[in-house]
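Report on one structure; see the data block that follows.
Chain IDs A, B, C, D and E follow the sequence of writing; residue 1 opens each chain.
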Amino acid sequence: MKKNMLPLIGLVSGAALVVWSILIAGDIMSFLDTPSIIITVFGSFAALMISFPFKTLLNIPKVMKVLLSDPKDKRVDLVNLFAELSRKARKDGLLALENDIETIHNEYMIEGLKMVIDGVEPDTIKEIMELKLDTMERRHRSGQEVFEKWAELAPAFGMLGTLIGLVIMLSGLDDPDAIGPGMATALLTTFYGSLLANLIFIPMASNLSLQTDEEVFTGEMVIDGILQIQAGANPRLLEEKLKTYLSTDELKLLSSEKEDEVGAASYE
Amino acid sequence: MKKNMLPLIGLVSGAALVVWSILIAGDIMSFLDTPSIIITVFGSFAALMISFPFKTLLNIPKVMKVLLSDPKDKRVDLVNLFAELSRKARKDGLLALENDIETIHNEYMIEGLKMVIDGVEPDTIKEIMELKLDTMERRHRSGQEVFEKWAELAPAFGMLGTLIGLVIMLSGLDDPDAIGPGMATALLTTFYGSLLANLIFIPMASNLSLQTDEEVFTGEMVIDGILQIQAGANPRLLEEKLKTYLSTDELKLLSSEKEDEVGAASYE
Amino acid sequence: MKKNMLPLIGLVSGAALVVWSILIAGDIMSFLDTPSIIITVFGSFAALMISFPFKTLLNIPKVMKVLLSDPKDKRVDLVNLFAELSRKARKDGLLALENDIETIHNEYMIEGLKMVIDGVEPDTIKEIMELKLDTMERRHRSGQEVFEKWAELAPAFGMLGTLIGLVIMLSGLDDPDAIGPGMATALLTTFYGSLLANLIFIPMASNLSLQTDEEVFTGEMVIDGILQIQAGANPRLLEEKLKTYLSTDELKLLSSEKEDEVGAASYE
Amino acid sequence: MKKNMLPLIGLVSGAALVVWSILIAGDIMSFLDTPSIIITVFGSFAALMISFPFKTLLNIPKVMKVLLSDPKDKRVDLVNLFAELSRKARKDGLLALENDIETIHNEYMIEGLKMVIDGVEPDTIKEIMELKLDTMERRHRSGQEVFEKWAELAPAFGMLGTLIGLVIMLSGLDDPDAIGPGMATALLTTFYGSLLANLIFIPMASNLSLQTDEEVFTGEMVIDGILQIQAGANPRLLEEKLKTYLSTDELKLLSSEKEDEVGAASYE
Amino acid sequence: MKKNMLPLIGLVSGAALVVWSILIAGDIMSFLDTPSIIITVFGSFAALMISFPFKTLLNIPKVMKVLLSDPKDKRVDLVNLFAELSRKARKDGLLALENDIETIHNEYMIEGLKMVIDGVEPDTIKEIMELKLDTMERRHRSGQEVFEKWAELAPAFGMLGTLIGLVIMLSGLDDPDAIGPGMATALLTTFYGSLLANLIFIPMASNLSLQTDEEVFTGEMVIDGILQIQAGANPRLLEEKLKTYLSTDELKLLSSEKEDEVGAASYE
């Protein structure tokens, strides 16, 4: 099971559980009501159009794809990469790193290394890279805020739909037999609003928030590594320092890789 | 579709959806009740009069117009402008910027440049410009707070109206047939309060908050640019630095503009 | 219409709206229930007695008077005053300011100027004045917190009253005709609690919070002005600097005053 | 009326109001239901046992006693004490303060003075005293957090009790006459949970929070005073500086004491 | 009674109270409904799968074990240990500490001491140890966030289940006798969601948060101690300084241990 499928599995199994719990006691048809879906989904989306600029809303599909994608840079790999680059820089000078840039996938790290090679001063590198990290974080948080706001507005429009249904039902209370079905329909929008918020929007906002936290933390590690390479730090110390950014699990992973490497190295 | 029409489109389509969802099931007339509208809208406005000073409330129409206006300064244009000014300042000295001031539209940037030309010290310029940014932010946040407070008070007065309706209905419970319509009317104020909050006040406060964030961020970029011009920074480095304030989309826009410019320049 | 009457107008018109909306549909007498008022108002006040020290509660009437009083110091006037004092200090020395102290109304500014005249060091003046501002803010915030807590406790005791009413009504459910009136009475405490919170306590806490913000901001401006006078700053620069504390509206007011002054000055 | 009796008076009068409002409309016996009290009080306490370490829960009675105790150190007295100590230290040297230590009641101040007499460096004294203040604040906040959590859990277990009551009543809905009393009993746990939270736990947490704020503020004043005595500050200036920690009321108290003292002194 | 059993005791007694309060009034069987349990527990878990990465969810059992484990390092023991190490370092030099490392159980302290022995500079030690503490805190907070999110989602899915039950019951409202049992079943999911949140997830998140706070505080004390040993601080002063991290209870414990030690020492 690949890790990045988890949100999809969660979504599908959550939806399946809801459908199953409907089926065992009643009829799924009584839960399908097109106007109820429209007022809840599109009503809250109309309010989102007032809340956010156009380009942020255009980003929604892109943001949803982020949920399913693997994190691009594993911190463990970065520690190894930095250790290697640092050894090279010590032996052949900072300019020797130019050839390695093409093999690096992390855009952010490439930009930092280019500045190191260009001889930009450490303080300027630090300032520019922190600003870049900040701008990246701002952009990601805005995607997350869309889902947080939607998680707030969807149940609100669900409740509005229920109020509309109740007022209509109560103002035309001629037939007592119609109370039950009328009320059932009125409650459907509350059901949709709550389902959308709790199964989709709140979990997605959580997920995006955690991913952004991770990226910012990785970014801080990259800044640290870049500045140490520039300062000509001892490769061993650099590695020790960067390892403090790793969790216990990542450290285990790193040391197992190391053993393999050492094993391989002994044949050289 | 112009970007600044989005809030209006959101408002109109949201209201249309609500009206439509009423019409398909009932009668719009049972939702129009003047006293209910008055107690919800004006009752919450009376509470706003206690909460805010007069001048802040007078600003409400002005703030609402801000929602529909295009952001004045595109950050992409400012990067180009700063790059140009920096080249000029390097070639002809800081005083040569005096003529360019008239062509700049950004009030905040003009004030900064004037101080640069007047030879005010960098620390003083930074302090004054940050204070100005702070004062601007305070003023904008106060507009935003009015809508946040209204979003809190409108449903509260809606609920008060419903409580009044319920008490009246229950204390005169002679005719069981009157329960339905009485309750329907009582619920109307809750409906209005919730609609005002979720379709108008909460989204507007969100929108204003994001716009203020953007303006503050642009302001920080202007301070950075001004101080670098004064310090006689390399125009290329200045441009690189300021580009870190741009999002990926803005960077794409900038590079496409650049290509046009380069294309045009080759004919010179 | 004087500005400081606004909270009173808001309170009276809000209460009038509530009374009107009761009268058009029912009888005001069914909303007057002494025990309901007592449990809501005094019950929540009893809880306030546990929450706050005696002296803070004794301050409530004083704090309510603050709501209706004009802000003592207009920032615009302070800018003019500082500009004048700075000109005098430059011409006649800092000691010459001693005579002006009597004409100043701002207690906080007087204390600062006295320290300047006494030759206290700038760092000490700054430290003492910031501490004073801090102590002032702490005291005002404690008044604001009383109303915030009351806004939380009044609806809670309203709900307690309703629970009491419901339990009594339900446990003695012999006469079905008594359900309506019993429930109406039970709901009255919820109505009172909500009315007190939303028409009185929440708006008052907002108002006090904004007033404190303003006073702190003015205080920061006074500290800035005092320290610049002591440093012998150029009166023109000092004025420019202090003007950054003003909003756009205040700046317009200032420049119109200036024109009058210039006009008047030309006759001298 | 002594100030420290206020929380007790609030508690008793609040409870009396609740009992009175029950008695005027119904029978107090229908509000006494042992199982309801047990599930609300002990259920929420069981959840507290999961939330907090044993020693924090053991502190509850001690913390409740704090509510009724007078604040140990009045800031006004400390200003006078510091002024006196400062005069003595200037005249007879810092070592002369050793005899005064026994007359001081404030533990925290004694520790500071001992370090001064021992000749510990100012930076170390400041660091140690701030750390001590921090540790004290952490301990007090943990007592406050217990009541905040209880205020959250008591109504939650009240609602759980009501849900249990409702499910039992509804699942055995044979006798329509039993609905009323069954529902009344079900609501009792909600009533208890809400009463405990709003009359006891929320106000107690508020009270403890304010007391901790006061103690921290007093502690900051003590650090300031100690460091000034060590630096050999002018007793008059020291007094002026420490007076900035006093509120307007405390200042009035101080000046009235001063007049008495001056009056007494004139006879010497 | 061992302290670390408290959460288990709380959980068992809370569950027992709930079961007891069901049994005294009704039948436990009417509270056991498998589909209700499934939708509440697994529905909210499906949403958790969207919210968190796989490895965080895998950690749930490990985190639950933390709840029941004794805190590894008592701060009191650490004060004694540091005092001892400091005496040794002063007498025999920093390198002499190498032998003691094996007897220390605190991983974090060992790493710090190793750096001291390796002669790493104080600033680097401080930076690395603070980063390590930060990484540890981030990891622990992520475990805590899972339970906080679950405490939010479980009642939400409980309410969704109730809505499903209500809609089914209301849309098929033929038999009035079925209303009661139908509603009872519908309420069961709300009951489960609320019980899970308030008896398990909220208290567990509280507990984990407090444990993390404690560990961070202990970590700060270890950093302080390590740096002081490296700086060759006086063992007596070091002990005094570290004692400021202890609460009053811990101080009592320490002094009673000290007396025993002194007593024992007198026989040497």
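As a working rule, a contact is a pair of C-beta atoms (placed from the backbone, for glycine too) under 8 Å apart; a residue touches a chain by one contact, two chains touch by 3 or more.
All of these numbers come straight from a predicted model, not from anything done at the bench.
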Query raised in the report: How short can a chain-to-chain path be from chain B to chain E, counted in steps between touching chains?
Result: 2
Query - Touching chain C and also chain E, the following chains - result: D
Report summary line: Copy-to-copy rotation (chain A on chain B, CA atoms, range 0 to 180, rounded to a multiple of 5 degrees) logged as 70
Query - For chain B paired with chain C, centre-to-centre distance based on mean C-alpha positions, whole Å - result: 26
Report summary line: Averaging C-alpha coordinates per chain, one finds the centres of chain B and chain D separated by a number of Å equal to 42
Requested in this report: Identify all positions of chain C at which a residue touches two or more other chains, and write them in rising order.
Outcome: none
Requested in this report: Could you please specify the touching residues of chain C with respect to chain B in the complex?
Outcome: 3, 6-7, 9-11, 13-14, 17-18, 21-22, 24-27, 30-31, 67, 177, 179-181, 183-185, 187-188, 190-191, 194-195, 197-200, 202-204, 206-207, 210, 217, 240-241, 244-249
**Report entry** Interfacial residue positions of chain D with respect to chain E in the complex
**Finding:** 35, 38-39, 42-43, 46-55, 124, 127-128, 131-132, 135, 138-139, 142, 149, 152-153, 156-157, 159-161, 163-168, 170-173
